[in-house]
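Here's the structure, in structure tokens; my notes come after.
Chain IDs A, B and C follow the sequence of writing; residue 1 opens each chain.
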């Protein structure tokens, strides 16, 4: 790089930074830094983050935290049709219809539930972003073809799409993740493409072109990084929907049939049959799903507020 | 109602002004922050057919003053004090319904950005007729005819077609004309124009100002012109109040203000306007700093940090009192301890002599 | 305006074609392929071979696709392997129930969501505002089928206030005209049948409408908060218009624009949710049929139903687009 090249690069960096519209009094702080500052002051964000971190820690240390083996059947002698033992010494939340310790199953189940959410979201985001970059970077007919395809995917209600894919791929945890991931693809593709198009038309991209910077450099060095914030927000929100959707697919009998891996969605749908006998069997896994989904939603919404220049006042 | 029917000149002679603002204060309080006083003891009045300018940089409190007069400030987090009288009737503390009956009928306002000030999803016609239907006893048909007349009067060609169109289909100048038509629909006694030309092209600006002038002269409406543009003042206003940091710092008739600005801030404003008759290459003299460099009035003259004439006694600490707004010759008031000096005109000399 | 509608209709064609390709490919990709789908899992190899020949499945793929498309245009999606009846017949019989249910859910969500969202925004910062924000966050986080079970357990099983399954009491011998049970009751003046069918909608409708309700409250609130700070609302107030006029013409009219787009997107959520809710309430609509056909491996029904639901979804979104054009003059011109 010659000195001239450096100058150009610095000039574009300046322009790109300004495109983030840093408000007065926060000058000098990068977008991420100032977003982080606002997040730390936002009680909603803190609540969401605490929920998410606690559940992630539980999932990480599940084998250590679970007081009992989640697969062993205890108290079998006390289980009769119409009666399932409730809370007692050694079983704080009672046992399920097969006599397995509910608390341990919830703790160990967090692994599988979060894993499904994270993997399917990452997968969906990766494919969606690839499509979005393709459309947003090249424009023209590539854009048209990709976007028509995305429109077709969007015209299928998400659960119906997930059902079709699950039926096609059979019942195992990977099929479940792929099915959910596919429903996320069109959202990410559209989002990234839209935000890249907006960035491409912005003044700093125009200025960079006027300075004779290569297109690939503009797209990957400036347009793409600046277009990522809506994608990050969407990914956080998608984690919540993915976990809920996994529960729905489990309920429809399209979940992971491997009994050795407890999972909240499967626990919840399994417990529906015993709702009038021991509603707790359904309520606890449902609460776990709701709280985790809420955590991701709170975090995502406050991220959106923090990253959106409109809110940066 | 009776006053409205009086010819403009007569009402003026009795000394009954249309708008009397006395010691108006507006304080914004936000949770967790120090209350800020945006308007701090502003007094002025406007007679029928008279045009008064409120001049100052953005943030000096001129727009807040106008919103306070109209009662359009949000009720939460805002305290308004002092007195605002329209035809002798106190507006501060009046109920929402009473104010709604006055707004649009007896007092009206034209805003700065005509595009964002018009509802994008409602045809122009409806936005004009709704004022008439609200305040006048008219049928829809009559209101429609009246709206056509109004658009014609503000110089919109082919008014009956324009009535069916939406704001985005009109040009900037047309939109501002439409806004003026709405404001004038019920022949208000008082019209407040808040930077009505700022968002427009220069050529359109002149047309709009000319239109406002004609309408005011014709109907004897009292006009308050809010602007940062001294060109607008020069073309339109009878009296001018220069505001700085929430207070009036100089009041004068237009001619005197331009001929002999007394406050260094007014002088600075005038000096920073490019002039065609100035020598080529002669530098402009911008005012140092920005409006954010003001100090609180309680500590002294808010303009002192930017003022070339500032001396120690501009500060309360030294002088023992904050700078008052004082008589500065007939029809003039000034808030300054070290005003600009001009070659003495007889009137000015005796006046300032008498004031000391 | 007409041109706007025609253009939108033309844009539908590639989407519908693409959908048909996807679902055609889907059926071909299934283990066993279309023959097994049509004949069921216990079909003999000879039967499958005969079927393949009969329906031209030995032909090149594009010929097969064109045939599929030709039949699909005539609404022929084959027969259910479970009941042996034409798929379209089952669909037409069950769709009215799902329409009734989704309409109830949507009316519930819109009717409650818009006023709540508006009030929350106007009382920004009040307890009502906070409650609706929290409620709308919770509403999105609850799995639909769990909520459906809870409502059913509480109001149908425990309290017995409302019916908890089916579309109509068995003892009521109602006349069927349109298969819209409530409408049928009204048309035939069998008031008790209409009322009973309506009561059967209440619990599943509320369960199904909760997520859209939560979303509508949130969008309305955010949108009203944006709009009340707009200059034109200030102008409207400066004109001294009555509060009701300002609210209706200047605030709501603009604030509801984003809400109307959301409502279109909610239809997808409703159709997804219907599969779950109808299953919980054994509500004989399209959704519970999809659930049944997953278990029965009745692929012909799955393919046909999913394709037709997608078409319904696309059409509803088209309607929303058009109504958006009616509401917002700026869109129409573009």
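Throughout what follows, a contact is a pair of C-beta atoms (placed from the backbone, for glycine too) under 8 Å apart; a residue touches a chain by one contact, two chains touch by 3 or more.
This is a predicted model, so every value here is computed, not measured.
Trainee: Quick check on the contact graph: shortest path length from chain A to chain B, in steps?
Mentor: Tracing touching chains, the least step count from chain A to chain B comes to 2.
Trainee: Applying the document's contact definition, name the chain pair with more C-beta pairs in contact, A-C or B-C.
Mentor: Between the two chain pairs, A-C has more contacting C-beta pairs.
Trainee: Please name the chain that ends up farthest from chain C once chain centres are defined by their CA atoms averaged.
Mentor: Greatest centre separation from chain C goes to chain B.
Trainee: CA centre of chain A versus CA centre of chain B: separation in Å?
Mentor: 53
Trainee: Which whole number of Å gives the spacing of the CA centres of chain A and chain C?
Mentor: Their C-alpha centroids are separated by 25 Å.
Trainee: Just curious, how far off is chain C from chain B if you go by their C-alpha centres, in Å?
Mentor: 55
Trainee: Quick check on the complex: what are the chain C residues that touch chain B?
Mentor: 230-232, 234-243, 245, 249-250, 253-254, 257, 327-330, 333
Trainee: In their shared complex, at which residues does chain C touch chain A?
Mentor: Where chain C meets chain A, its residues are 14-15, 18-19, 22-23, 26, 29-31, 137-138, 140-146, 149, 153, 157, 267-269, 271-273, 275-276, 279-280, 290-291, 294-295, 299, 302, 306, 309-310, 313-314, 317.
Trainee: Once bound in the complex, which stretches of chain A touch chain C?
Mentor: Listed in rising order, the residues of chain A that touch chain C are 148-149, 151-152, 155-160, 163-164, 167-168, 170, 240, 244, 247-248, 251-254, 265, 268-269, 272, 275-276, 279, 282, 286, 289-291, 293-294, 297-298, 301.
Trainee: Considering only the defined contacts, which chain B positions touch chain C in the complex?
Mentor: Against chain C, the touching part of chain B is residues 70, 72, 96, 99-105, 108-109, 111, 113, 116-123, 126, 130-131, 134-135, 166, 168-169, 179, 182-183.
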